[in-house]
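The same chain A turns up in both complexes below, where it pairs with chain B and then with chain C.
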Partner chain A sequence: MSKRTVARTFDWPGTVLSAAPILVCLVFVWIIGSVLAHGLDQISWSFLTEAPTRSGRAGGIGPILVATALILAVCITVALPIAVATAILLAEFVSSKHRGARAVRLSLDVLAGVPSIVFGIFGNAFFCSFLKLGFSILSGGLTLACMVLPVLIRTSEESFRSVPLSYRLGAFALGFSKTRTIFKLLLPLALPGVLVGTLLGIGRALAETAALIFTSGYVDRMPSSLLDSGRALSIHIFDLSMNITGADAAAYRSAVVLLALLLVINGIVICASNLWKRLAGLTAAV
Partner chain B sequence: MISSKTWPMSLYIEALRRARLGADEVFVCVLWTIGLVASLIVGIIVAVVVVSAAPALHEIAPWRFVTDASWHPAHGRFNLLPMIVGTFFVAGGALLLATAFGLAAAIFCCFYAHRTLAAVYSRTVELLAGIPSVLLGFWGLTVLVPIIARLQPPGASTLAAILILALMVVPTISLVGITSLHAVPQSLLVGADALAFSKWSTIVKVAIPAAKRGLVSSVILGAGRALGETMAVLMVSGNIVQVPASVFAPVRTLAANIALEIPYAEGLHRSALFVSGLFLTAIVIAMLCCAEWLGSDTMHE
Partner chain C sequence: MRQQLMEAPGRPHCGRLTAFNGREILAANGRAEAVAESLWRISDLSVRYGAKAALSSVSIDLPRKAVTSIIGPSGCGKSTFLYCLNRLSASIDGCRVNGRILMASTDLTAPGVDDVALRKRVGFVFQKPNPFPLSIRRNLELPLKEHGMRDRASIDDAIESGLRAVGLWAEVKDRLNSSAQQLSGGQQQRLCIARALVLQPDALLMDEPCSALDPMATAVIEELIHSFCEKNLTIVIVTHNLRQAKRLGNYAAFFWCRAGAGYLVEAGPAQRVFDAPHNELTKLYVAGGVS
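Up next is the complex of A and B:
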């Protein structure tokens, strides 16, 4: 499309339109740049490991990183097995026209559409109050697990579907049972895709604030167990910038850490999925 | 090679179903159970929210949420209207901006830009989509709000919320827009060329109408995101319960209202917040269903 020959007059629509992507990219650079400019030089090993002091104005983010990691661990440990099992069911065992499969898909699409603040109040009412888990890392992780489940299922299902049919037919011809085909053949082949999906889910979970603020709580000391309250990194930034005066510098420092984590995670996801598309294109061509 | 993607897989599934063995049946049962659990989650969420909202729905007549004198839940006044208007005002403004920029960018990337440049833009926007809302809110609070405050105090305003939200929605609109413009059949574009359409009239008269459903669905998808966004908006919008008189006036959205008041809300107040959560969910899901329906129709064409 881009190589279409046109009369070489001044192309004003193209010039005008080019302003939009340029502006969007510039704002993106502005955001990243201002966060890095204010916070990058103050990042040190001690900042990453020490406990925050004076409500976070000074000190580090050690316990917050630990709490964040624990919340993510709970989230992925719970969500990943459910996601992979559901993906196997949807991709391998039922045709897309099956009524049950359509119901499962519909409910997952609806789940993906629920606003994050609603996940937050749901988690607060269900995990914290009804199941009596209180403000805890467990509540936060479980709430996030519900939230990232649709993403995990969709990406896992896609990676199962991207395994060529001929592999399954080969296994079928060799007399493999379905279960054996899946565990010995399809799961290893789909694993990279599932891992990329997991990273995507981790990225979503890491970016989340609204769903965590009423489930995992605010406490910024080192969590002693999963039933202890723990403050996630995004909530730490929110708290420093909204509730604590004179903590902007500390908020910038934490923001750099969060930004770096997310850019790395999302960068890997984007590169991997593009590589994927190119490889899939190759196998299709052959 | 097998060209069609759908029917051989279903034949394979059918063949497997007939050749079913004992151990496999157990495995399938386990999978179905887990799948059922996964699909029950949304039911549990709706049930929990409805149960928590029930006292307010029971004791407060529905119209009182828009006709009460003010939003003072402690004094039994539950007017959500300023928040509803604020939500739609902010989301609408953000959508207007994001649609203009997102579609312009999508058109530029599909018809004008070099492939590498278009790819660079797509990657950048994908990364932009991954920036957490709390970071955008923080940036808005420390960079954008002071700039707006210089124009017209107080700075934390509807405008700030609109700008931040537009940044969050632009990736959705431009990425889905690019996908649906790329899906326009080449034959249509070649036909327009043969009729000596200029590039611009090819875009306006052929490509955009052909991709209309996909483009509209991208905007609705963005609207769903805009309505549900909480933290970024909360951080920059000033959060005063009022129908904003101008774009420089502070505003409070429904989602922000929930986030601000849940920590201390009790009884009927808490329940009323769940009602607004339910309302928000219903709107967002309705919009996503619209987008899904429009999007799936484009796929079939």
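Up next is the complex of A and C:
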């Protein structure tokens, strides 16, 4: 068959296959477009800093942003070290066929699929009641930490495993002990991957509503400490659109802020990852 | 005889070539000839990976300040043997070493050997160049800092002399901060050799260092090995290239395998092993390979 005939034949599979990504993009543009169209016009600096009034119909989202940031900070501060430590253990110290490691991996996969409302109930029972932390930012952050741990551990483990064995042997042969190899070579190489996992975790945590309703509560005043209750942004949006009549505009505005927040955090993490690669002298993507 | 070796598909494969002319050739485990001054004295070394035996009962002395080349078919435990010499075998999952390896007066098989100090003395060059995905400078700086060099000026000096020793300085001095992985295969391998040399080892173990390189790069590496030998470095090189073994080695050791486990057939001065082998198996292998 000559090239010309190939070019003229209508390419059915190609057309169908290229329709799918176009459809996905359209849906994405539609969602973003509708949120922006409804919410972008009235966003101002005072909206970001002021406290909500009349149950959120008026005023801003200042305390809610602070509470969201605190919940996220607790979540990542607790989850990241545990995740990296577990990932190092699973990837570097335990053989992949080890029965215990397989059990851990299986339970992580199950946990990753558990609905967030279940995490919410668990968080309420364990952190709020059993540990007597009450409805607080601390309870909410810890519950979210439990929720994002599985995805954080698995992505971190994968990024450690993706460092080729030849680098490890190379380091051992140069007189690096196992611990030194992990901290001087593997961790710097795996860190960009860990950051991607963190990004996924932050995304999941930021979008979380169900797990937080039972743990951090939904008081919309400025939190005074980590043991104070606080309303996360996604709960605020949920509350405005479902429970408060006449607050749709404020809900859309908050949704725009949530989207922007996601984009900003994405940008920050990607910049941090690139900066790290430059600082550590990493020259190739691992 | 040569004809029969050539008929074997590709490289002689373990187990297939135990029978020449319809009869079994089962050489007894060879005891290597004594050498004047040895760096390693190995007796009755056996290595297993899990349930699978990789080396059985190897006894050999490796001469100090000389090049020993180790030849033999794939899968006869040559690399495994090399891993035992700097205890890299201890870092491999499921690898069990039995027997006795004396390096100078240290027993490498005794418990509590200082791996870090040993590997600083004994460099290793892998088959496939494995520079870290860092800049050229960082590749050399990392081992230096790991072994306690902190002073900027002495690090730079060590990097320069390491790169000069492998003839890479002129080629890379203007781009020390660019990626080591942008170098050609031959340059990468020389960088890996430099990385081992900056620690000023007494010995260098090389596991088929040229098998991933083109003939020109191979010639450069062989030239380097000659120059190291003049600097009194002890070199043990595993190679599939019999010509290379003949060109480089002062000593040669020939491994073969029996029932999946490698063993030493004979070892001695390279000239003698290649031109007047004692063992019939060596005679066949050397004749077939060099033709």
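The definition used in the following text is that the second predicted complex is superposed on the first by the 234 of 286 C-alpha atoms of A that agree within 3 Å, B and C clash if a C-alpha of one lies under 4 Å from a C-alpha of the other, contacts with A are read in each partner's own complex, and residues count from 1 in each chain.
Please note the rule applied: contacts are C-beta pairs under 8 Å (C-beta built on N, C-alpha and C of every residue); 3 or more make two chains touch, one makes a residue touch a chain.
Note that the structure is predicted; figures quoted are calculated from it, not measured.
**Student:** Is A:A51 touching the first partner chain B, the second partner chain C, both, or neither of them?
**Tutor:** neither
**Student:** Looking at chain A, does chain C or chain B touch more of its residues?
**Tutor:** The partner that reaches more residues of chain A in the superposed model: B.
**Student:** Identify the partner contact of A:L226: answer first if only chain B is touched, second if only chain C is, both if each is, neither if none is.
**Tutor:** Neither partner.
**Student:** Once chain A of both complexes is superposed, is A:I244 in touch with chain B (first), chain C (second), both, or neither?
**Tutor:** neither
**Student:** Please indicate which partner A:K184 is in contact with in the superposed arrangement: first for chain B, second for chain C, both, or neither.
**Tutor:** The answer is second: A:K184 touches chain C but not chain B.
**Student:** Looking at A:L169, would you say it contacts chain B, chain C, both, or neither? Reply first, second, both or neither.
**Tutor:** both
**Student:** Name the contact category of A:S95: first (chain B only), second (chain C only), both, or neither.
**Tutor:** In the superposition, A:S95 contacts both chain B and chain C.
**Student:** With the two complexes superposed on chain A, say which partner A:I82 touches: chain B (first), chain C (second), both, or neither.
**Tutor:** It touches chain B, and chain C stays clear.
**Student:** Please work out whether A:I43 is in contact with chain B alone, chain C alone, both, or neither, and reply first, second, both or neither.
**Tutor:** neither
**Student:** Both chain B and chain C contact which residues of chain A?
**Tutor:** 95, 168-169, 172, 177-178
**Student:** Would you pull the chain B residues touching chain A in the complex into a rising list?
**Tutor:** Within the complex, chain B touches chain A at residues 2, 6, 8-10, 12-16, 19-21, 23-24, 27-28, 30-32, 34-45, 48-49, 52, 100-102, 104-105, 107-115, 118, 121, 123-128, 130-139, 141-143, 167, 170, 174, 186, 189, 193, 198-200, 203, 224, 227-231, 235, 255, 258-259, 262-263, 273-274, 277, 280-281, 284-285, 288, 292.
**Student:** Please give the residue numbers of chain A that touch chain C in the complex, ascending.
**Tutor:** For chain A paired with chain C, touching residues are 95, 164, 166-178, 180, 184-185, 189, 280-284, 286.
**Student:** In the complex, go through chain A and note every residue touching chain B.
**Tutor:** Going through chain A, the ones touching chain B are 1-2, 4, 6, 11, 13-14, 16-21, 23-25, 27-28, 30-31, 34-35, 38, 81-83, 85-86, 88-90, 92-97, 100, 103-104, 107-122, 124-126, 130, 146, 149, 153, 165, 168-169, 172, 177-179, 203, 206-210, 213-214, 234-235, 237-238, 241-242, 248, 251-252, 255, 258-259, 262-263, 265-267, 270.
**Student:** Looking at the complex, which residues from chain C come into contact with chain A?
**Tutor:** Interface residues on chain C, with respect to chain A: 86, 88, 91, 93, 115-120, 123-124, 126, 128, 130, 132-135, 137-138, 142-143, 146-147, 177-182, 192, 195-196, 199.
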